[in-house]
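The two complexes that follow have subunit A in common; it is paired with subunit B in the first and with subunit C in the second.
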Partner chain A sequence: MRYVMNRIGFFILSLWAAITINFILPRMMPGSPADAMFAKFQGQLTTTALEAMKKSYGIGDTSLWQQYVDYLHGLVTFNWGLSFMQYPTPVSDMIQASVPWTIGLVGISTLISVFVGTALGVYISWKRKGFLDNTLPVVSMAFQALPYFWVALLCVFIFGFKLDWFPMAHGYDPAITPGFTSEYILSILNHAFLPAITLILGGLSGWIVGMRNNMIYTLGEDYVTFAEAKGVKTSRLMFTYAARNAILPQLTSFAIAIGNVVSGAILTEQVFSYPGIGNQLTSAVQSQDFPMIQSSFLLIAVAVLVANLIVDLLYSRLDPRIRTGGSN
Partner chain B sequence: MEEKQPVLELENVSVGYDSTAGMVQAVNDVSLKIYENTIVGLIGESGSGKSTLGNAIMHLLKNNAVLTNGTIKVMGKEVHSMNKNELRKFRWSQMSMVFQSAMNALNPVLTIEAQILDVYRSHYKNMSKKEARARARELMEIVSIDPTHLNSYPHELSGGMRQRVVIAIAIALDPKLVIMDEPTTALDVVVQRSILDKIKQIQKVKKFAILFISHDFSLVSELASKVAIMYAGRFIEVTDSKSLSHTDQHHPYTEGLINAIPHLTAEEVTITGIPGNPPNLVDLPSGCAYHPRCQFATERCKTERPVVHQIDNRDVECHLYDAVRKEVLES
Partner chain C sequence: MKTELQTSSQHNMEAPTPRRNNFTIFLGAFKPFFTNAKSATGFTIFLIFLFIAIFAPLIAPYEPSAAIYLPNLSPTADHWFGTTNTGQDIYSQFIFSARNTMIVGFGAGILSTIIGLIFGVVGGYRGGLTDSILSFVTNLFLVMPGLALLIVIQAYMTASTPFVTGLIIALTGWAWGARVFRSQTMTLANRDFISAARMSGMSSFRIMLTQICPNMMSIIAGNIMFATLGAILAEAGLAFLGFQDINSISWGTMLYWASNNAALIRGAWWWFIPPGLGIGLVGLSLVLMNFAVDQITNPRLKGQKRRKKHGRKTARA
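This part shows the complex of A and B:
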């Protein structure tokens, strides 16, 4: 229990740090978003308009402390400012519209990749030196070694353009009205298939090879031989004795991968013109949309922190050596 | 004694490692019988093949090691001709093993109890959980560990306690033979002593046979009644342990080992080591493998492998005793 409280305490502390740094950093940059906006309109704005704008961004004449309090208040009330590029849409609305797409596509692909890769890793280490063990790591590594954007473009070109099996862009067919209908859901799945496949193929080899190597190392441990000698059945030997220990390092990689879900698929979303947060972030950077950039970064930081917290807690469930913070 | 069935019977056993340099013989043509209620020591330097032999008896050979010759019988049954399922049931119920590294013999993510219950669950399908638990408690009491530790994880126990748990697991099914592969090596001297006393005490009650593998010469000669001395994969001498108190009529290697023991009570301390290093198994010396280090070596030792001589109830594999035997025969 003490371990859990520790992790949650650490989570809150780092969350605060991330939020505060996100507040300080833009204010340390030369110029201000309002100046940038002012410059963008090339003298068509008056100075009073500039002042008004500064005020609305929360960077007026008030003290830094007052700004910080306003910023925190805005955060909690989902008042994250207005986007520049789609002025005056609130940033929170834009994020709400794009994040579910990203989590749906990248999150689920990552989960599939982790589960399938880890399961395959266990399987081929079991059937050591079998056909799959000899081919799978090499083939999957070849996929990972190819430049991702190239594979993705190739997929769009072959399966989207040439063969016309899958749509080449968007999250769903714009002709269909969104709603909880089978037609809409099928359309989403159809659109997500290609990007998901490229993501899964690109990530699979790390999980396969990682798990396979952990398994082979663990299978050589004395406790596995000892358990084998004492008569434990092969399935229990494989899962409870070997895989249970071999999966621990995988969890760490899993935390990093989950943290990257929000930010990691910028390329995918660009290539497949997918309406996710990665796509939004790239256009926000291109158009100097500070509120959007700031909110996205904060979101990414929070995602990484939350993922780490979850994995930390999971770790303590799986590895008794972690949780002995005086519990016994 | 002879008409009794031996618990362990090794007959011309050879074990080789299939390596890129060809078959490397780690165990070479060894024979031995162990009867119930006896402790037999197996001594040798690192790399002399003692652990490999232990694993061969358990049919747990790894790293491309294979039984190349001979038969291994435990309770009259040939271990290496059993199928997988027979072997799984036979192991632990008839023979068990205490591993070299107690620290790593327990699964770090399972409680002690779960690891003991696994033995019962794997061997007795019909045993109730309650009964298995009661037995686990009993085992813990036998090895003098508080049963509350059943709910502990291995990392919460000290090295000595972990080794006791491993011993408890090894005797869980009352096997006839327990192979102990350097069970005290990773422990400090005081803990070593308490573990050895525990082993002796349990053995006295349960009357199983022990093959005690070690490189600690004085420890084995104290514990075991019979000692096999291994050099480069061969038993160069098999003798009763009482004879190890003096250097008369032993293999020169055994003699060297005896001379290397420090005697705390002796007034004048002269300890002599054996010069040289153990041979490389890939490239064994011709004739007697010990000849490059032997002070008595003759031309003949370099070319001809010695045969086993029986002297005073002990088997010595050395040319030196050809002359002795001749003298005996002539007189």
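This part shows the complex of A and C:
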């Protein structure tokens, strides 16, 4: 119980720190981005409108402390400010529009590569020195060593441009009206296929090799040798004895991966012009859209923290050694 | 007592000590780099790129940023990889980019591993309040998603050089390594040989340095390799997005110009394939060499047999 309280306290502390860093970071940057933005609106808006706008962004004459309080209040009430880039669209609306795309694409690709990779890792550690054990890690590592946005570019070039099998960009065919029609869903799947393949290929090797190494490590433990000497069946030895323990470190990586789903494959989304949050963040930075940057940042931070908390709590149930404390 | 505890078994075993000099021993440590086909390939690729990086000005036929040749050439005898739309020689750019990429990659990889070691090992070994504070900082850096944070910082640095990018990558990207080191230290800290070292009166600092770190050498070496790979990929990605100085010479910047000038749609594969292949080959060499590192430091990976007989013997002696 103490462990659980500890973790939750930790979660709250780091959440607060993340929020505060998120507040301080843009304010540490030299030159007021807001001024640049207001300069853009100079001719179009009256002075009073500009003042009102400044006030709504919490920039202006208020003290830093007051800004911080306003910022926290805005966060809690989901009033995340208005986008500079697409003024006056609320940032929360823009995020709402792009998050499902990212979660759909990156989330599903991550899940696929975790399950396939872990299963393959168990399999090849079982067949040590077999054909797959010798080739698969190298082949998949070659994929890992390649910059995945370049692989994505190649895919666009070969399958999109040369062969014309798949569309080269966007989340769905803009000619189709969104809705629950089979045409629309097919269009989404068709557009998601190439980015998903590059994401899966890029992530797979990490899971395979990680699981393989964990398995080999666990297979060297005394209790496995004992079980083997006792005559436990190989399949039971692999799954019930070794894989159960070897999978624990994978869980930590899984938490990070799930947290990173929200930040998504920024580069992949850029290459495919996919309407997700990564694309949103890139264009926000390019146009210095600070409310947007802050919000997407916070979203990503919260996602990682929550995923970590869940895995930490799971870990304590799965591995009693952690619960009873590390040293001494 | 200390020497027994450290027994990195096979090294002690295979040296019947007819007094080798230091250099032979040093070379001997690199033996697995050549005996294993995978790591030999990796090491060869690595040496080739190291050679290119060091002698770039001699190898490259032209100035990489001189825009004085015919634009949009396909590969010719004079311009092996063709020219860009502003008439720069792509082959020369490729050669010079290797240099920047190697420096940035290895600099950032080693720096981030050192930071990670400090945070991970100290936190994992000390436990308690120290651990709470250190892993709190680690978690904070984990929370800040690497690429997104890099993008934001780059937006503020506007047009940074590849070296500044490397520094930022190292300062933001050490957390993952620290976490791995910490959990490994935590499992090691409970082992008997650590207790023995502690009881023999060794200081915490010495235990961390001489007992814990050598026992996770494969993880450290692996971390350097993968941090380097990560740094190379991150630098390429940032440059590709155009967040690095777009006049710098790097493989990522080459890809930025290629994709911004519609090299894809013009079918100019000679422009965007070489930079990606360069990154991929350097990365592959790192990954392959990691196999050799595993072989040197992790006897368990050596053969099918899981338990060595002489391992037992040394433990008992």
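The rule is simple: the second predicted complex is superposed on the first by the 298 of 328 C-alpha atoms of A that agree within 3 Å, B and C clash if a C-alpha of one lies under 4 Å from a C-alpha of the other, contacts with A are read in each partner's own complex, and residues count from 1 in each chain.
Keep this in mind: a residue touches a chain if its C-beta (ideal position, glycine included) is under 8 Å from a C-beta of that chain, and two chains touch if they have at least 3 such contacts.
These numbers were taken from a predicted model, which means no experiment stands behind them.
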First (subunit B), second (subunit C), both or neither touched by A:S235: neither
Which superposed partner A:W150 touches (first subunit B, second subunit C, both, neither): second
Subunit A residues in contact: does subunit B have more, or subunit C? C
Let me test your reading of the model: by the given contact rule, A:D319 touches which partner, first (subunit B), second (subunit C), both or neither? first
With the two complexes superposed on chain A, say which partner A:S63 touches: subunit B (first), subunit C (second), both, or neither. neither
Applying the touch criterion given at the start, work out whether A:S182 contacts subunit B, subunit C, both or neither, answering first, second, both or neither. neither
In the overlaid three-chain picture, which partner chain does A:T77 touch, first (subunit B) or second (subunit C), both, or neither? neither
Does the superposition put A:T225 against subunit B (first), subunit C (second), both, or neither? both
Residues of subunit A at both interfaces, subunit B in one complex, subunit C in the other: 220, 225, 328
Tell me, which parts of subunit A touch subunit B in their complex? 220-223, 225-233, 236, 240-241, 244-245, 318-321, 324, 328
Which residues, counting only subunit C, touch subunit A once they are in their complex? 38, 124-128, 131-132, 136, 139-140, 142-145, 147-148, 151-152, 154-156, 176, 179, 183, 186, 189-190, 229, 233, 236-237, 240-243, 252, 255, 259, 264-265, 267, 269, 272-273, 275-276, 279-284, 286-288, 300-301, 304, 306-307
In their complex, what parts of subunit A are in touch with subunit C? 10, 13-14, 17-18, 21, 25, 29-30, 128-129, 138, 141-142, 144-151, 153-154, 156-157, 161-162, 216-217, 219-220, 224-225, 249, 252, 256, 259-260, 263, 266-267, 270-271, 281-282, 285-286, 288, 293, 296-297, 300-301, 304-305, 308, 325-328
If you look only at subunit B, which of its residues touch subunit A in the complex? 58, 60, 62, 88-89, 91-93, 96-97, 99-101, 104-111, 115, 118-119, 122-123, 152-153, 155-156, 166, 169, 172
